[in-house]
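Across the two complexes that follow, chain A remains constant while its partner is chain B and subsequently chain C.
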Partner chain A sequence: MTAAQFTVLIFQGLTLGGLYAMIGAGLALNYGILKVLQLAHGEYITYGAFAAIGAIALFPNLPFPLVLLLAFLACALLGAAAQLLIVERAMAHRNEVVAMLVTFGLAVVLRDSLAEFAGADLRGLSVGSLAQANFTIAGITLGVLPLVSLGIALTSFLLLALLIFRTRLGMEIRAVSDMPDIAALVGARVKRTHIVVAALSAGLAAIAGVLLAMRSSISPYSGLDSLLIAFEVVVLGGLGSIRGVLLAGLLLGMTQVISTWADNSAGLFYVHLVFFVVLVFRAKTGKLQ
Partner chain B sequence: MMKKVEFVALAVGAIAAICAAIFLDSGLQFLLCEVLVLFLMAQMWNLAAGYAGQISFGPQMFVGLGGYALYMISNNTTIPVWVVMALVPIVVGLLAIPLGMVVFHLKHAYFAIGTWVAAEIAFQFVIKTPSLGGSSGLVLRPGGEMVEGYPEKTVVAVALFASVALIVALRMFLRSRLGLAVLAVRDNETGAEATGINVRRLHLALYTLTGAGIATAAALYYSTTLFLTPLDAFQAKWAVELMFIVVVGGLGTLTGPAIGVALFIGLREFMTANGYSGDQYWIIMGVLAIAVLLLLPQGIWPALTTFYTRMTRGNTQ
Partner chain C sequence: MNLALDVAHVAANFGQFRALNDISLSLEAGETLALVGANGAGKSTFLKILCGLVDSWQGTVNINGTPLKPGSPRQSSELGLALVPEGRLLFESLTVRENLMIGQTARSGPWSLEAIERLFPVLKERRNARPRELSGGQQQMVAIGRALASNPQILLFDEISLGLSPAVVREVYDALKAVRKEGVTLVIVDQDISRVCNVSENVACFFKGTVTHYGPAAGMTAAALHEAYFGGRT
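Entry: the complex of A and B
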């Protein structure tokens, strides 16, 4: 392997890692604050992708940032509605498994409604000339699209971190997450905070979905695959930690790129294996709760 | 000890099994096979999730292991399929012990996700391995010969009797010392441990038993399909279906899964017969699951029994 090939490989690993981290970001937020394993997360990712695909089909000249915003808002609204009408009620139940299973029912309803409405075909998001665009640095040619995708992911993470750690809303969210009862006593609006978090988490999923559809194709049934990646990223990053999610996404992205380079038929075998081994090792050494 | 009513149930089950094999037409037998196999698997998932708190997203691991154990041993040896069928729980049970020792380092959400990933690893491994048929799967050819006749005739009888026998066995098990330990752990793990129950060993035993049970049901199922693909055997669809059946019917009860399967397959057959699509069916199932969880979070069967006791108590007062 030449140095140029190595650089390309690292670049691919970074961009895929950024996408993986993005896929997990919303789930980490949701689990970190609401303590509910959101099984509809993969569906929000798919809905984000389809919202973008639909928007471009209707208005072919819509600028890309607007498409991204539209997908974010559509899913945020969906996430807020689902939290308000369904998940919030289930969270009132003593057993936390009930809330998780409710999101599971929600996932199935969302998935099959989309398949019924949009058909089961695989679709991609066409980004015009951007798809083929590339640039050359020191004799190494890299794609523009993956770089844009990585940029969007990193920006989203930065904004999320700023929101959580530097704003009043973020303070309220952290308070509700740490001690819901006391936060309520001192005037935090717990239910409203839950809905904001659910909306934000579904919106982040939508951005991940747009990035995913730009990179490869997506169908209404892709939700479970996305959910599995999201789970791996979130669990590896230490359930709920934003920085951990970024690092875990990069680790899994790198693993996939390098294993595919070494073994053509690798698929996700080594990604899952690395996740599983790290998880069990951390559990064995007492690093998990 | 077996109670009289359980002995009668076993006898009735045996007669019904023989009748089903002789009198039902082959289409109905195939459907009944699916119902019974799902019931057996759901009861196993229920035993692990409802009685031992092991909510797993990866039962498809054992579906795949059971199917592949049956096909690999049958195709590559001269052992008759029915003997192989009896070997499947032993083989898969032995595999489940080390697997359980690994996944039991994980708790709650970590356990659920870890078991799903473990199943995916097995899936990707089979796809990458040509001697296991790769991604195109395997055809059942016991000892190199094609299967003759209609396997569902025998399988339906075995599955029907096995379902009745499983309920009787589970009832007896829950009355036994070990069963009482299981119930104690379900209700209060710390308390149970304080009274001297080895929770870890008990969980491992249940994991192994339920894994072997799911594998056996899967082997029954795939002996009627005559071919097996990794995509079908290891897909998360199994986890989705079993969760639906158990959660809607009633987690942690013996009757719940039976009601769940009846609803699950009954609704599907009704809706396909009336021209609804598979997607529409799943939308209804999803709405049903949400409604049941919000209104009767314990499931349909526990809600019915509570309602019944309230009614009868009302009458005596």
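Entry: the complex of A and C
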């Protein structure tokens, strides 16, 4: 392998890793703060992709940032409504399993509604000439689209970290996550905070969905595949840590790119293997969290 | 004038177990009440009711003339109550400074972050630390600071000196003097009966969920309190 090939490989690994991290981000946020494993997370990703595909179908000239914003808002609204009407009530039982089962039901209904409404076909997000665009530095040719995708992922993580660790809202979110009762006693609006977190999680999922649909095709039944990746990223990242999710996403992305380079037919096998090995190692040392 | 805190016939059950029975007390604005009693007497439960942390109870509680709804910590906070809970219960995901900031509300008053850090200078030094990195005494100062940051009208302390060294207990009680000067109404639960009675106008003793003694702290004899502490009505 030449140095140029190696650089391209690293770049591809980072890009895919950024996407994987994005796929896990919302799930990690939701679990980390609300302690609810949101099984409809994969559907939020799919809905985000379909929102973007739909927006472009309706308004072919819509600028890409607006498409992204639209997908984010649509899913944020969906996530907020689901939290307000369904999950919040399940959380009142203070039983993580009850809440998780409810999100499982939500996932199935969302998936089937989309298939019913949009058809079960595979679709992709056409980004026009951007798809083929590339640029060359120091003799190495890289695609513009992957770079944009990586940029969006990293920017999202940066904004998320700023929101959680540098704003009053973020402080309230962390306090509610620690001790809801005591947070309420110091004036935090617990339910509103939950809804904001659920909306943000679903919005992050939507961004992941748009990035995913730019890269490969997606159908109403893709949610489970996304959830699997998200789950691995979140568990590897330490169940709710923002930085952990980013690192875990990058690790799994790199793993996939390198293993595919070595063995073209490997698919996701080595990704799952790395996940499993780390999991077993951590379970052995008792450091699952 | 309305009483700052008016409690009438409050009772609470945990399942079949009657944790509080017919509790009646009242505090004028600026008054300090010492609340004493043996383990399991119901002191914490009483403070939790005031804070909205107990979902169902009977009786009435008026705060500055406004009736308290059960199970609404936000209402308690809006009515000007703040709690320094047993075991501190600080937010571990927040720094020391953030633990103070989260206490701040729309209510203005003397307790700016600067004033709190003047009261407990160590909080300024350790402002970026996490609560678990602090000593027990420093944690208690954070808990008091967090409560003060809301500029409360009624401040409740649960086990104010539990687990603290004598020097820290003295520092905490010195801080109380500054708080009392601002006209805050206080309810203080402490096992150190003579110390808490020293700073209080009135003292109430709970025994198995009932009030066995209630009266001025000054004329209180050790013998009478001892009697009440073990269930004798005085």
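Observations on the structure shown:
The criterion applied here is as follows: the second predicted complex is superposed on the first by the 287 of 289 C-alpha atoms of A that agree within 3 Å, B and C clash if a C-alpha of one lies under 4 Å from a C-alpha of the other, contacts with A are read in each partner's own complex, and residues count from 1 in each chain.
Note that in this section a residue touches a chain if its C-beta (ideal position, glycine included) is under 8 Å from a C-beta of that chain, and two chains touch if they have at least 3 such contacts.
Since the structure is predicted, the reported quantities are computational estimates derived from the model, not experimental observations.
Superposition model on chain A: chain B and chain C are shown accommodated side by side without a clash. When the two structures are aligned on the shared chain, A:111 is found in touch with chain B, with no touch to chain C.
After superposition on the shared chain, chain A has more residues touched by B, the comparison being chain B against chain C. Looking at the shared chain after the overlay, A:275 reaches chain B, while chain C stays out of its contact range. Of the two partner chains placed by superposition, only chain C is touched by A:183; chain B is not.
In the superposition on chain A, A:231 makes contact with chain B only, while chain C stays out of contact range. Looking at the shared chain after the overlay, A:59 reaches neither chain B nor chain C. When the two structures are aligned on the shared chain, A:172 is found in touch with chain C, with no touch to chain B. Judged by the touch definition given at the top, the superposed model places A:97 against chain B, while chain C stays out of reach. For the superposed model, the angle subtended at the Cα centre of chain A by chain B and chain C works out to 90 degrees in steps of 10.
Contacts of A:6 after superposition on the shared chain: neither chain B nor chain C is touched.
Closest approach of chain B to chain C, taken over C-alpha atoms in the A-based superposition, is 20 Å.
Residue overlap on chain A between the chain B contacts of one complex and the chain C contacts of the other is empty. Across the complex, chain A meets chain B through its residues 31, 37, 86, 89-90, 93, 95, 97-98, 101-102, 104-109, 111-113, 115-116, 224, 228, 231-232, 235, 239, 265-269, 272-273, 275-276, 279-280, 283-284, 288-289. Against chain C, the residues of chain A that register as touching in their complex are 168, 171-172, 174-175, 177-179, 181-189. Partner chain A is touched in their complex by these residues of chain B: 55, 102-103, 105-107, 109-110, 112-114, 116-118, 120-121, 124-125, 127-128, 236, 240, 243, 247, 277-280, 282-283, 285-290, 293-294, 297. Those residues of chain C that touch chain A in the complex are listed here as 51-53, 73-74, 76-78, 82-83, 85, 89, 91-94, 98, 101-103, 105, 146, 150.
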